[in-house]
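Some structures are shown below for you to check.
Next come two complexes, and both contain chain A; in the first it sits with chain B, in the second with chain C.
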Partner chain A sequence: MRKVFLALLLLAALAVPAFAQDETLPDFIEHTACEVDLTGETVTVYHFGDISGSYAFITQPLLAGLSDAIAYYNARGGVCGATLASDNRDTGGDLAQTQAHYDYYSTLEDEPDLIVLYASGDAELLSSQMAEDEIPGLISAGSVAGLYGEDGATPGWIYASNPLYSDQIGSFCRYVGANADQFPDPVVGYISWPGAFGEAAYTDETVSYCAAQGVTVLETPEYFPPTATDITTNVQNLVDAGANILYTNSLASGPALVAATVALLGLDDDVQVAGVNWALDTSVGLLGRSSLGSDGLPAVNGLVGSLPFYWWTETDQPGIGLIREQAAANERALSMQNIAYLLGWGLVDTYVELYAVAVNEVGSLDAVDGAVMKGVIENLSYSPLGLYSFDYNGGETRALPGNRIARMLFLNADGTGPATSGEDAMTVPLADGTTAYIPILVPLTEFEPAPDLRPGGADVPAGS
Partner chain B sequence: MSANIRPSGVFDTSYAQDIALNRTRFDRLLANGLFVLLLLIPLLTLEGPFGLNILPQLWIGTIMRIAIFVIAVQGLNILVGYTGQISLGHAAFMAVGAYSSAIMARHLGMSFWLALPLSALFTGAVGLIFGLPSLRVKGFYLVMATLAAQFIIPWLLRYPLEPLTNGSRPLDVPAPTLFGLSFASTGAMYYIIIPLSVFLCLAARNITRTRVGRAFVSIRDNDLAAELLGINVFAYKLQAFFLSALYAGIAGCLMAFDTNNITLDSFLLDSSITMLAMLVIGGAGYPLGPLFGVAFVNLLTQNIIPALVVPVRDFVPRVLPFINTVNLYAALSPLLFGLALMVFLIVAPRGLAHRWEIFKIAWKIRPFSH
Partner chain C sequence: MATITRTFNNNRRSITTGLYVVAVVLALIWLLPLIGGQRPYRLVQSTITGLLVGGIYALIALGIVVINKASGVFNFAHGWMMLLGGLIFYSFFTSSAAGTVSPAAAVALSLLTMIMVITTNGWRQLMQPRSLAILVIGTAVFSGALLITGANLQFVQALLGAALGGVLTGLVVERFTIRPLIGQPLFAMVLMTLALSELLHGITQLIWGSVEIPLQVFTGVAQLGIPSPIRIDGGETLAGTIIIRTELLIAFILALLAFGGFVAFFRYTSAGLSMRATAENQKLAQSVGLRVRTILAVAWAIAALLAAVAGVLQGGATSLSLNMPLLALRAFPAVLLGGLESIGGALVGGLVIGLVQEWANLLFPGSQAGTELAPYVVLMIVLAIRPDGLFGQKRIERI
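Coming up: the complex of A and B.
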């Protein structure tokens, strides 16, 4: 009996992976059919970024997304039979570490065909090196210098899935200009983190484009370090200069601090807080939970910004449905259910498609190199899990232009829509004894191309 | 300073022999051999001209980075180790070297070979300005005065000089060329950086054998006594600041032309502090101190700490469940760096170079222990 039981157990152990291999992807994921069997090989997602520094609120969910997505796709055949793996390295936000990690990857005997970056500063540092080494990179969003070189006219080897930061503020100005009834006499005060990321959206081109949309951008941007806890003076300076909109190109604690300061100064009815796509994130909603506005909701309630992909609440999108289901299956906490988790899934799905196309083109995984991958990236037209549209126009662009404007609100107690006050909001007790409000993002516009505000870009007003 | 110990049976017969950089034939052979070996390293890598794969390619970038920082810390050694002054603005001086050379190359069309010495001299001149307070203040107050450089210089580069420096955005730097030969390819800068680094280390060591070097040391040991002996303390302090900044300028210039791209984020206060820590760990006042310090800190931050993160991440939650392991790397890196610095200050305040001297002496006088 015991032998029979053991034999059955052995059979089951052998059968489980075999059955697991048989799992298939849902119909809405339409990858290119594989013409080459890569069984036994490995496709590695090489990624380095600030996993533990000020970007950790974003990068930790990214790692979770990558890990869950890789497990999901591996259980469904990986990349044409090859197993997906990831190699994540932490820079801690230190450029010296970025260089060291890049040197490590770029000198591997089997040089990566593709690298995933995260920070604009990293992209700017490595832009020319990656072009020289012919290693393409994927990044979520970037600055003009990181993607198009210092002159803004030399497309590099790094491709962003979100619009350029300068184009995002352009989208925002276009929205504000078109909604003069909501934003009378708009004056934008730019308040952000110093450095490549924080300063990326404040350029001559964006200032003149906004002016053409009827939106004044103050010529006195204010910068505060990510570690700052009091930015009253910065906010007051901008408000005194006439700002009734504060735009921030920061993430996590940055937008939360700007909104908290506006509320603290009693300006939440007079000043609109807005920001880059990272500002519209779960992390901002959660970090802002302790600073309440006059309506009793977190001060970040009403924050407006870019939303260049589908969001967690848009469950009519099958990709969102799948990601929600997998996040629940993997018991991902609320703090993990953010932008980066979505993008992690989108990234892995993109990898599967890119490698399928590349291998079909050159016949084997060994024959795929950076130059082949660059060609595939530039000529592919694909929608990763339906989250956004991956199309670099045959290599003409380095950042996907699709964008829309959305507003951050908080879920009401019934879970049927946005809360109107603190009493009306749905709250969740957290392990640290505080109460979290559930952030939701409500699109205000449809997807449309963001203006092209690179130096010499198509939408830059003449003479600027 | 290094101890004047000879192996048994080796005697100096002249003052020149006594102060020679390489006192014995073996020393000379060893030094030259090591230099040649260093120059051979790129030839033994996969991307070398022969496509050999004997040494990992990763070594090239790492050695170049170490060499650049050795130059910068060697400059700090002249100021701190030999002259007893202190500076917390060294990274800012590197920024001056990096940006001035880049501007000379981009806007004035100068070649790297001209931009390098000119930017070094310009940085030296900037160092002189920030050295002026040393006439009146010393110790803690001088630290504060030099700290000003670390705030003023990046501010100047970021805002008023933005049309030239690109402000917070990166600035592209052209690759050096020599007789039509470009140094743009990976590792080509190795043959500029390494010889220059060796030359500047020897030059720094040579300073200690000159009248200027002896004046520096006398100021460090007792500035009042030095003044009473007729040494123009202020002039020599300024010379030390000039030389220190000049070295930083060369390091900054090399960094700019090596990466072909510079941003201000690479020259912030934490870099100045790290360089000072490198010097303390390596051994201030020892010619080899910068090499030991830079190599140790690189090893610590790029190999030891990343290797520790995974086991610590697994272990910590079991004993300290309230610790957030997400930020472990960001926490572990400064923690271990600070700990290493503290350990060196307590256990080996004269740094690794002093330990190396003790080891050398023990080796030379073997088999006698005393």
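Coming up: the complex of A and C.
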């Protein structure tokens, strides 16, 4: 009798996962129908990037997003029945570690069909190696050298889910040029971190494109290291040279420090701070909470930049609704509710679609390799959770063009709109005894293609 | 030809120095128009900012010099000790504010620190009744201080927690990594500090994670009635407003106080003199009855304490991140510039590096000369003229 009881218990335990997999994806997620059953197999998201260095504020939420999304999709059938898994490795921002991790992956007996990267520097280091090894990569970054090679004219095997950084500053200049009432006589001073990422947006093409939009970009970009204690001199250099807009291609503490310094110098009414898509992030709002501007709100209030994805507050977008619901269910803290968490979900959803298409094409998971995956990516027409839309023009381009301009503001006390001053703002007590203001992003434009400012790109002014 | 060679050999030092002087004069001739072209308030602003930032470098440099002065070791783990101190401060700062200081953590930290302090000269000390009494009383006092709840105690408790954490770190490092190497080549100790930096990297990442932490330690400054930042109207003479970041000014003042204290300590106290003697020759110092182990332990505790202070100040000025240890690399030129064993040299070196950095940023905008080039050029020139640094001891070895 006891044996029968135990056997029943065992059967019940085995049955639970099967029932759990009966959950289905919501209707708005429309993956390609699977023609091959992959039950019992595993699809691994191979990801390596800076998890513990300057990018940690961004990459930790990415890991959370990956983890939550993988659990969600696995509970709903995974990839055509195959289980999703992730293999995350930390480079600490050290290119030697990047190379070591890549060497590890690329020499695996079962070489990855696809790799996920996270930094422009990593992309630039590995671009030619990945092409040679025929391993495609997905990345949320966009330097010309990383995606199109040193000459800027050799599309590689790495595909970005956001516009090129040079195209993003182009979008910004186009917006500024079109809004002369808000930005009379615009002069942009470029201030950023040194290195592949920080310097990626300042190119001859962007300077001439901005000039064509009526926006002057100063020829003396300023760079400061992420460890900088003070950047007063750098900011004053640009302001003295005539800058009334400071554009930064940095993230987390970078934009926060620029905005704090502008406020420190009492220039917050005269100088607009702007930046790359990473500047419009929760991390910047949280790290900048202790430096207040003249309005009593964090100095980063009013920061303008690129927003090539849907954001947490756009709840009418079903993908955002799902991610918000899952972040709440997984008790993700405010600091986790940022760009990278969204991208983690988008990435996993993309994997499901990519592998469904690839396996349908070649008949089995074993037959999928880098070359097959490259073909699938280049012809992909898909919008992961509706967050952004894949379109690499049949393999002609390596970065997604869709972009819009948005402004970072802070929620008011009623939760009905942006705060107008520190007294009017909603604050949330944090575990460390301090309070945080709630950053919100308000789109200023609709989605539209960013200008193509690769060397020789379609929108590069003639003669530049 | 032979005459020229002989003349050069006989006057090599004078000629070399003369060439460097000419180079410096030419550089000044090149720089003066650039300086003259600047607005007066920018020159003053960059000078002040440079000195204030240099104060942080000097504080970091001081910790490195203290270790070097006592043991001859160049501590590559100093940056990580800084971050660790800052993070311990943060933990107590936040948990004290929330009234959630863990009794277990408070007792453990106090007890471990007291054990390490009492046993600096050997574990046998624990067997003595007097030592045991001190251990119990010390643990009770420190634990109590960390656990008392009350308004406005947040900062003091965090400071005490960081101080205990810093001393404990220094003593543990000395006891388990440096002490076993006493009498071994210095190079072994230096390599040990490199290994230690990796260990501390792992520990901080495991406990506090990788995400950058804003340390809002200076937000209370405004509540004390101190303006933040301090704005000084330059009037017609300077034609602009000078801005002084209060948190950097506090760091600078603390750095000056620390320097004053350590100069007096090394010059006028027997412990300080013993440290200097130990640095000269550990075996000889031991043979004349100096307690080398205790001296080294005290030096490491002081250095870790200084690192913690620098970590808190830098964390308050920016944030606590795994990048912070890289800042110690910027203090290395300051240490070498001032002279490896010179307390005053660390101060001057730190201030000079800060100043050079800001002036280079001002005079060569858009060139990254300030952070990437100028400090090292100055260091190179100074070391070429004075290989032991500005205030370093000149050593003569008998062959």
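Heads up, the rule we're going with is that the second predicted complex is superposed on the first by the 450 of 464 C-alpha atoms of A that agree within 3 Å, B and C clash if a C-alpha of one lies under 4 Å from a C-alpha of the other, contacts with A are read in each partner's own complex, and residues count from 1 in each chain.
Operating definition for what follows: a residue touches a chain if its C-beta (ideal position, glycine included) is under 8 Å from a C-beta of that chain, and two chains touch if they have at least 3 such contacts.
Fair warning: this is a prediction, and the values are worked out from it, not measured in the lab.
Bringing the complexes onto one copy of chain A puts chain B in a clash with chain C.
Of the two partner chains placed around the shared chain by superposition, chain B and chain C are both touched by A:P194.
Looking at the shared chain after the overlay, A:E132 reaches chain B, while chain C stays out of its contact range. In the superposed pair of complexes, A:Q60 makes contact with chain B and with chain C alike. When the two complexes are overlaid on their common chain A, residue A:N393 makes contact with neither chain B nor chain C.
In the superposed model, A:T39 lies in contact with neither chain B nor chain C. By the touch criterion stated above, A:S52 is placed in contact with chain B and with chain C alike.
Of the two partner chains, chain B is the only one touched by A:S143; chain C is not.
Shared-chain residue A:E219: touches chain C; no touch with chain B.
For chain A, the partner with contacts to more residues, out of chain B and chain C, is C.
When the shared chain is aligned, no partner comes close enough to touch A:S364: not chain B, not chain C. With chain A as the common frame, the single stretch of chain B that clashes into chain C is 331-339; none of the other options in 115-123, 169-177, 205-213 or 331-339 do.
Residues 51-53, 56, 60, 92, 194 of chain A are contacted both by chain B in one complex and by chain C in the other.
Against chain A, in their complex, chain B makes its touches with residues 46-47, 53, 56-58, 60-62, 65, 166-172, 184-186, 259-261, 263, 265-266, 301-302, 306, 309, 326-331, 333. Against chain B, in their complex, chain A makes its touches with residues 51-53, 56, 60, 89-90, 92-97, 99-100, 103-104, 106-107, 109, 121, 124-125, 127-129, 132-133, 143, 145, 149-150, 194-196, 199.
Contact residues on chain A toward chain C in their complex (touch as defined above): 51-54, 56-57, 59-60, 92, 194, 218-230, 232-234, 236-238, 240-241, 252-253, 257, 264-266, 286-287, 289-290, 335, 431-434.
Residues 39, 42, 45-46, 49, 52-53, 56, 90, 93-94, 96-98, 154, 205, 209-214, 216, 218-219, 229, 231, 241, 243, 245, 248, 314, 317-319, 321-324, 326-327, 330, 358, 361-362, 365-366, 368, 370-372 of chain C touch chain A in their complex.
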